[in-house]
Every structure is written in structure tokens, then in C-alpha cells.
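So the structure is just underneath, and the comments pick up after that.
Chain IDs A, B, C and D follow the sequence of writing; residue 1 opens each chain.
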Amino acid sequence: MIKTSILGASGYAGGELLRILLGHTKVKIQETTSRQFANQPVSLIHPNLRKKTDLIFSHPENLKKCDLLFVALPNGESMKYMSKLKTIAKKIIDLGADYRFRDPVVFESWYAQKHTDSQFLSKFVYGIAELHREQIKRTSYIACAGCEATVSILALYPLVKYHLIEEKVIIDAKMSSSQAGLKPSLSSHHPERAGVVRSYLPTGHRHTAEIIQELSPFNNSIGVAISATALDMVRGLLVTIHTVPKKGITEKDIWKAYRNEYQNEPFIRIVKERQGIYRYPEPKILQGTNFCDIGFEMDKITNRLVVIAAIDNLVKGTAGQAIQAMNLMFGFPETMGLEFTGLHPI
Amino acid sequence: MIKTSILGASGYAGGELLRILLGHTKVKIQETTSRQFANQPVSLIHPNLRKKTDLIFSHPENLKKCDLLFVALPNGESMKYMSKLKTIAKKIIDLGADYRFRDPVVFESWYAQKHTDSQFLSKFVYGIAELHREQIKRTSYIACAGCEATVSILALYPLVKYHLIEEKVIIDAKMSSSQAGLKPSLSSHHPERAGVVRSYLPTGHRHTAEIIQELSPFNNSIGVAISATALDMVRGLLVTIHTVPKKGITEKDIWKAYRNEYQNEPFIRIVKERQGIYRYPEPKILQGTNFCDIGFEMDKITNRLVVIAAIDNLVKGTAGQAIQAMNLMFGFPETMGLEFTGLHPI
Amino acid sequence: MIKTSILGASGYAGGELLRILLGHTKVKIQETTSRQFANQPVSLIHPNLRKKTDLIFSHPENLKKCDLLFVALPNGESMKYMSKLKTIAKKIIDLGADYRFRDPVVFESWYAQKHTDSQFLSKFVYGIAELHREQIKRTSYIACAGCEATVSILALYPLVKYHLIEEKVIIDAKMSSSQAGLKPSLSSHHPERAGVVRSYLPTGHRHTAEIIQELSPFNNSIGVAISATALDMVRGLLVTIHTVPKKGITEKDIWKAYRNEYQNEPFIRIVKERQGIYRYPEPKILQGTNFCDIGFEMDKITNRLVVIAAIDNLVKGTAGQAIQAMNLMFGFPETMGLEFTGLHPI
Amino acid sequence: MIKTSILGASGYAGGELLRILLGHTKVKIQETTSRQFANQPVSLIHPNLRKKTDLIFSHPENLKKCDLLFVALPNGESMKYMSKLKTIAKKIIDLGADYRFRDPVVFESWYAQKHTDSQFLSKFVYGIAELHREQIKRTSYIACAGCEATVSILALYPLVKYHLIEEKVIIDAKMSSSQAGLKPSLSSHHPERAGVVRSYLPTGHRHTAEIIQELSPFNNSIGVAISATALDMVRGLLVTIHTVPKKGITEKDIWKAYRNEYQNEPFIRIVKERQGIYRYPEPKILQGTNFCDIGFEMDKITNRLVVIAAIDNLVKGTAGQAIQAMNLMFGFPETMGLEFTGLHPI
């Protein structure tokens, strides 16, 4: 039984951490902080947790020592406090962008701010277990991946690793509203946001930098471009990745690459059915689960390989990924607390 | 050709007035005011009007004289300015609640504020043409009904007038997000608001007062109770009205009452089909139209008469009602500008 | 470890049984039958179960003996096979309507067909644990309640038992599409069904009979009327129940009645908050859970008590209820397999 | 006043033709045929037309002579009847795929059936007015474009014509449910279809052939690949088109190309705003309109030009396009009957 606290527990990532950790038999939640909602019950903001917990949000100032601290703050915040936080917790899992990059210049160019704790970047391991399992087991500091980066990296890295695709990759990402967080604005106002198919980032998505960082060890000149469209969906993320297979590559080669990398992965499923209506990955049946579903279709006429992948952005894309990493860091079974099957119909 | 201006044109009611008036051949729009968006193009906030108008929001301070002024301000605002507005426009149509009540005490008890212009209340005619057509033709001042009041009054008044139902009436209202206006909040934030079936006003809905005011001339002791539930819908409003038929009343009597009152009404349809899937009123096919669809079902076993009625809250419930009244005030054909058929499928 | 089979496992109730049972540590699923999909993998129809099970649908003809049989057939089907099924399984939980009524005449009048196994009705216990826990522990045969009946009975019975409300009750039910089952039709066709607020049963809902049966022991002359409206929602069910409190009854009395009956119930939560946006029960955060959330509001002006209750129709309304009963029948912890918290935001 | 009939009027395209034509002052609708619904009122299937028309579906066998016949049959049907239809109507507008291709081999390879009336293909003009206005004015036979082809061609042709992009183009299409027509199936069943982000055609979309046909006069070696994803949307279609700008091409060049081609087009709007939340085309505000909104964003870092375009698939993509062509064929004002502005919020 380890003692964990969550810094920034009123946001959607924090709520999802709470939901999963409350069902995790090896973890005791010590504190859940929120500046805005301090002294209010956690279930005021996360109504799904009624009768599951009596936790009260505490003020972040007086965090007590714990075994593991989850940091779920807005981008640019965790680096301000990290040196202090290290004195509070032996292990830290950061869900924000601050420690995802090995090179502070990359952070600074994509996030348009100075990195104020760059000497500490090298201590952090990027949180995707499928790529960095052994490092995660040995580290004390994790920087979880962005949700869009997570699903794209998982879909692409076997293809890059085995040199199956050309180096220009286009990711057409279909996004949900929860990823933008808890703060209301006109763009999140229901009459404006409902029913949209909104090109909110045709180019320039920040997660591009993470994807390139993680894929470039396998191919130094990989080129990634993202176009992101927001849909009328609260949870879930699907990417349609447009790639060009290298000459002579067959469907078998693709299967083999995915099998080699993923056949023992508990949270990855290759979804490519000949019949039924769920023939490719779909985010709606992944809600609440830690799965990443991956499918693909080759087209010889146009010489394309279209890769489709889906996750729940708040689970595999955020809190579930963090807890999968936690399980590895503490030697718990990797799937512990993450067994939820997903619902159908939904 | 009359000159009209819209005070408060950036809200949803204002935008809907604009949409309809831009297609109205007898009306020229002179000014559209918005404090918040002054000097911005109207199509920034109402993107459906692109290429339909080059209007710019103006500041409300310097309104020019016009033939007709639409006032689309938050409740409690128009009474502050009314004495000045009367010097600007000969005719005024107010879409807020300030002048809906003949008795200022009723306003004050439901809206929890002093009425500061109560001596002017008697000049206003309540804007539902089906009840007050002749008065509307002769007045210079209209107070449009609340959306929930509009649909409920239209569904109920023939039944009350012909003494067909007992005096206790329960209105179960299914509401959409646009009625709450343009201002974002946590309750309108997409991740929180999408997918809801939210009992936001189980009791105490303000429109109760309007419904009682309009029905009591037909039955002094009518009792009305509303329970309102918000759905994942941007436009539209459906009421399920639970009533008890008086002894001996048959389905024929109900048909007859509706026919007597509504057979020549251009915007009311009795919807009660024996087959098909749209057997009763449904808001989705009314979007953009000025129709009020009304249906009913009697149940002898439980001695009930369930009345179902639907409108587009922004059209028949707000802007369309206002323009229908304008047409009457100026002697234009009553349906002018309000001919939109509605879409199916949608 | 008990051996269970599911007769009719390709429907939505069957799929939900499967989902829950696959996570239940005391149960082994032996067979899952489907006439239509025999020999196909279960995950073809229930794609959320990929990687969770390799089960194949089997043909219902050759069911093997098991400890517990779940019967999830269309209404009117299970009574045809029951005498045979009793030889296959010692214990049976039927999810259809055939054995819900103590009086076959009630079944026959509401379901418009002859009951062909009426002598066996008395062996079945109605499956709501909150009302029949001790009987369920001792019986071998359970008839699970209808979803709409479940939520209405749970909301009402403490009020009826303690004589807090007058005997006429109106239930305004907001329904989802999953309850109509797996069979496509024009009324379930997405372009026609999306976005609806459809009065599909203004009167005459069959679950009326169950509600009366279960409440009448507490008040012989209880009168129940249901109006059902279908919404654009796949899972979930909310009832707004319009009642009249007896003279002198206060909010405290209501609280007390619910507390008396439900304070130790693991799956019932009284939801009535002074702040926040989830102040009353809402179905969206109950998806996948076995909770029934109940709230209420009294209005002295109109002398009303509005009771609001919500469930997931496929869990507490169907499969979860069945498994809760199973846990009781076999002496497992009552909440086993039913611990899912629900998601937020969703 | 011309006399028109609609062959296949019960489908969604037929219903939309009806809706628009009922508001068109130069057209009288003579017959509306439906084999399945013969002798039923049109408003049974198209409930938005209640009180707008008393038309009854007639049987297709006995079509009377008319000035213009709209043919809205499933693909492969109109070629069976065309020689007979030519004797009934002087002018014909076909909304299906049968006469879209100049080369019957193309039809046969994409639609997997023999073309049985190929000698008549050359008589038909492809129905997109923006490309073929003068020919449309002079022809008697129109083959309307597919909805996905329409929006893609309109977005791309100025770029191809002015040689602004490289020849490989990827179209990521976001589709709605109405385009699949009126016929229910498991894939259109609401519990399965609601909430989806479903890759139903990762490759191999038939409209590819139309797009290539229409663009190849401007660039013989244009390569087009479509990936289509179905969303939880009834009406509307958005394409995100991933292209590579030719060397040296600037944003100004793109603007200029669109302006040259479209500045006088009544139904095309270039949507590319610096502020507001509707900065790029969005299908929801186009519902019911004949607009095609087009926007774009260049990214120098990745050397991309992302083009975004949206339509209402049933209007500009089908019935509105047909009526725009009709207006040209008969010398009516081109926008007649197609003035609907679109709704906001919706």
C-alpha cells in the first residue's frame, strides 16, 4: 500500500486519476489538492465519485510527504514547483508537457515560453510503457505523453522501426471536448460547441514535437504533420494517419511489425475485421478503458497505408497511462486498476 | 419598407431576428447594437449571416430614430431604458420579461427585483398572436412571451377555454441550451453539458406566472406547475403536459376545441398520426420554423389527457413570434419572412 | 466458482451480462447462445469484449447443464422453454417480462398474449434486491424487473410505504435507444432517431403494471401513469415523478423515509445538492454502473413533490440487477462485479 | 411556371427536392413517385412538409408528361429507365451516379456493374454549376455530382487550375448519416451509430473517380485518395484536404486563385477568419443551405496546404445542386429557391 497525492485534482485528468486510484488495491490516496475548490468535497466536481470517497480538496500549499505524487497542472506550472515537489515525494508522475522533451529548445519553441528547470529534464522518462517499459521501472520521474502524441506514437512506431513507410506522415486527428480542460469559454459553450466538426488546428499542433522526438530514434528524418478537428464528443480520440508504404511492402509486413511489437502488450489491440460494423478502431467503445486500438488498410491503387488508432484521451492518453507507469515503477501488476472493459452499446 | 433596429443584437434572440429580417422584403435593418462587440461585423458572432449582410454592431448609446425597435436585452434591462427608447421608435417589440405582466407584483415576486417602470405595463400587449391578434394590430408596444410560456399557453388555452380539463396542470418541459443565452459557464461547458438529462428546475420555473396570467381569463383557478429538464439539444422545446379531462370529455371534444381555435392559424399544426414515426410533435423538425405543433393522447384507464407540444424556442418562442407580431402591427402578411419549412432529416 | 450460461447472449442485455460476468471472480461463463450469430465470436457483436474473451456464440439447442442460467430472450419467449430450462439449470434468472407478474391476467392484458406457463409464476421472485432481498437469497428463480419499473419503484416505494404522497402518481420517463434492443427499424434509423425528443408512449407503457404490483402492498389504491419520451441517448433512463405530498408532510419526512430504507443500500444514492451542476440525478454519469440515484424537490406553492431518479437501463435496469440477485442467491458479496464507478466527464 | 415530377420522392434526396421546390415560385410539382409508399401522403415520410403540401406519393408506372423530371433513384436504377423517361420529360436531372462519367469503363470499375446505357453518357452534363455553368444552360440532361465529390472538387479545382499544388492529394472526409439513405440496417441502428467516429471507408471511396474526372482537364496526372469517417451527425460533410503547395507558392497565390474563380459565385464563401470561433468552414451552420464554405491554412514548417471545405450533403451535395442547375436550364435566377441562410446556434 503506497501513499499518493494528486496535485491539481479538480481537473479532468485529476478526476480520472482519482476514479482509477479509488479502485486500485495497492494505493491509498492521501491528498487531493485544488486551489479553486479547496475544502469542498471531491464529489462536488467529480459527481461520479459520490459514495466512493469522502475526500475533500485540500490547498496545495501544505502538501504532506507521500510515496508518489501525481502532478496534473496546466502546462508551464509544474516546472515552477518541481524542486520543492521533489522534497515531498520520492516519485513523481507529471501529466503536463513541462518534462516531456529531452531538449528544452523544443519545449520553448512549441510552448512559447522559457523552460525554467531544464537541467532536470534528463531525469524524466517519457511515460509510454510500450516504448520505455524498462526505463519506467527504474526511474523516479515520469512525464506522461500528450493524448494525441500517445495514440499517434503507438500507431506509428512499429512502422517506422521496421522501415515500412516513407518518412512523410499526415495525422488527421478527431478530438473531443474533454481534452481542453475544465475552463469554460465561448468555444466550449454548448450551443456553439455541440454538433461541430471544427478545424481548430489545421496545422501547428504541439504534440507534433513529441511524436517526432519519439519516432526519430528509429528514423532520423521522419516528418509529421497534424491536422486536428474537434467533434461533438466528450471523451475519445481517433487518428486517421495517412502514410505511404515503402516499395514492396505488403499487408503481411504490416501485420508482422505490429505483432512483433504488440502481441504481448496488455493494452494494445489490432482491430481489422472482415465483417461486423466495428471493423476498425472506434473511440466510443474505449471510454473508460486503457486500450489503444490500432487498425490499418492498404490501398495498392493509390499506394497508401491508412492507419487508424483510437484511445480514451483521459485514460490511455492521460491518467491510465500514468497509472500504468505507476504500476511499473512500484512493481505492481501492470494492468492493476486498469481492467475496465468498456461499454457497448454506448 | 420600414426601418428597424435591434438593441442587443449579439445574443441568440438578436441573431435570430437578424436572420429572419434579412429575408423579409418589407424591412430594412438600420442598426444592430452590441456593447461587447461594437464595431465588429455581425457575422463574427452570427456566422450563418456571412455573405448575407455587411452589418457592423454599433454601440447602443447613439441609436438613431427608426420605425420599429426590437429590444433583446437581459431581463430587467429594458425597463431601465424604455422611456428613452420611446423617443427613438414609434413602435417597440420587447423580447425580455420586463413588460409581460399586467401586474408588477407578479413580476417582482418571480424575478426578485423591483419593477421600475410599472406605469407603462398597461401599454404593452402580450405578443402571442393566436390569443391577442386584434390587440397586436392596434398597439405600439409588444412584450413577447417566454419560450416555455408560448408553447404551454398555445397547447392549453383551447382546453381551458372550453372547460375540457381539470384545473391542475403539470408541464414537464424538455429544454435546449440556446435558451440560456450566449454567456459561457461551467454548466454550459461542453464536457459537462453534452449528453445531459438534467433536472435544472424541478419546480419554480418563472414562466409559470405568464401561463397563469394568460389562462386565468378562461379559468380563474387554473393551477400550473412546471418541471424543466435540460437535454443535449441546442434548439427546440417540447412540453409533455399532464392533465385530467373533465368527466365525460371525449377525444372528439379535444379535436373540436383545437379545430375551433386553430384551423385558420398559419403556424399551428395538430400532429396526431396513426402511423409513421413522427406521430406526435417533435422539436427537431421545427428548427428554424415558426410552427407550434400540438398533439395529444387520452387514456381512459388512468383518466388522463396528455398534451404534447413543440416549438423552436428561438423562433416561435422568441424572434419568430416577434416578427409575426411586427407583421400584424404594420399590416404586412402575417407569415411574411416566416415561411421556412423546416428540415428533415436533421 | 459457479458455471453460468446465457441464453440470448447477442442482445444488449446479454452483452451487458457478459461484460460484468467476465470481471466477476466467482463466475465461469460456460455457454453464450445466439441463434442468429451461432459460431461467431462474441466480440463480433460486443466489440468492447475484444481481448477479454474468446467465447463463441453457440446454438441454443444443445445447452449443457450449468449452475445458473441467465435467460435474455424477447418477451413471451422464455415461458415457451422454461420447463426444459429447469432441467438444465438449478437456478434461473429471467430478464424478460414473462415471470414478473404474480397474476397471469395482468401479464395477458398488458402483453396481449396468453401466458402459457402460469402455474410456474409463483416460483419466481421479482428481482429488485432492495425490496426482496431475503426472498432472493432463498429462491431459485428470479424475474428481473423492467428498467423503467426498476427506477420508478425504487424512487417511489419509501414514499408509498410511509404514506407520504397522495395516490395518483405521474411518471414522465426519459428513455434511451438501447432499451429497444438490437433490431434495426426505421424508427431506430440514425437520421430519424438522432436528435429526437419523441413521445413514443404518451400513455399505456407496460411497466405500469409492474410498478402497481410492487407498490400496491403498501397502498392498495396507488394509481400510476407513465408518459415516455425517447431522447438522443444510447444508455440511461431518468424519471421525473410528479406527486402530491400528503397534508403536513415536510422535506424532512421525505429525507427520513429515504434514509430509513436506503441508508445501507450499496447501490442507492440520494442526490440533492445545494451547489454544483450535478444537483440532481443524471443518467450520463451512471453509464456502466449499478447505481440508482434519487433526488427530490418540494414546492409549497404548488403543493408538489417532484422526485427524480436515474439509472443505467442496461445495468441496474437489467443485467446489473440480475447479477446483484445472483450474488445474493449464491452468497457472494452483493456488490461483487458491480463496483464500476461511472465516468466523468462523459 | 414549369411542371416537374420527382421519380423516387420518398428518399432523402427526394424529400429535399420537395422541400426546396415547394418554396420555388416558378415550379409546380406534378407528381412525386414512390413504389413503397404509393398512395400515402408525402408528409408521412417527410414530416417537415406538413401543412406545406397535400401531395400523395404516386406509383412510378404511370408518370405523366412534364417539363422537367428529377430522378432520385439508387445507383444503377436510372439507366434502366432512361430511354423511357426521355419520352416523358424534355429535361431530366439525375441525382444518381449512372450518368456522371464520360467513360463507361470508369463507372463499371467503381460501381462493379455493366453500364447498360453508355451511348447516352455524352448527352449528360456534370451538374456542378461553378465548373459547367454555360453547358448546363444549354443541355437537357444533367447528372448531379456525388456529395463528397462536389465539396472536394469545389475546394480543389482552383488550386489545380492555377498549378498551385503538387499532384498527390489526400481527402479526409467527415460524413453524416443521411447520405446512406433511408434504409435501416445494423450499422445505422441508433445504439450502434450514435457517437461514432467510424472509419467506414479508409480507402476506396467511389467519389474518387468523379473528382479525378473533373480535375484531370487541369492536370492530367492528379492523384486523389479519400479516407471517409462517419460521425454522429445527420446532415453535413466536411473535408480536410491535405496537399503540398508547389515551390514558392504563397498564401496570397491561394487567395488569388479562389478569388478569381469564386468572387462572383453566389454559393461559395471563403471562410478564413483571424478571430471568433467559426474561423474555418463548419457544416453545422450550413444545414439547409446551398453554400459551399472553403478555407485553408498554410504551414511553412511542414510545407503543407490544408484545405477545409464544408457543405450540406443533401443541399449543395444533392438537391440544391440539382435546383441550381434547373434554374440555369430554365433561365430562372440562379439562386431562386435556394436563399436559406442557415441557422445559428444549432
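Note that in this section a contact is a pair of C-beta atoms (placed from the backbone, for glycine too) under 8 Å apart; a residue touches a chain by one contact, two chains touch by 3 or more.
Just so you know, these numbers come straight off a predicted model, no measurement behind them.
With respect to subunit B, maximal separation of chain centres occurs for A (centres as means of Cα atoms).
Between A-D and B-D, more C-beta contact pairs are found at A-D. Chain centres here are Cα means. That of subunit C falls 46 Å from that of subunit D.
Averaged C-alpha coordinates give centres for subunit B and subunit D that are 36 Å from one another. For the pair subunit A and subunit D, the distance between mean C-alpha positions equals 39 Å. Looking at subunit A, one finds that residues 12, 177-178, 186, 191, 195, 232, 234, 282, 345-346 touch two or more other chains. Touching subunit B in their complex are the following residues of subunit D: 12, 15, 19, 22-23, 44-52, 177-178, 234-235, 269, 271, 273, 275-276, 278, 282, 285, 287-288, 291, 339-346. In the complex of the two chains, the subunit D residues touching subunit C come out as 12, 177-178, 182-186, 188-191, 193-195, 232, 234. Listed in rising order, the residues of subunit A touching subunit D in the complex are 170, 172, 174, 186-187, 191-192, 195-199, 202-204, 223-225, 227, 229, 231-233, 236, 238, 240, 242, 277, 279-284, 295-299, 302, 304, 306, 308, 310, 345-346.
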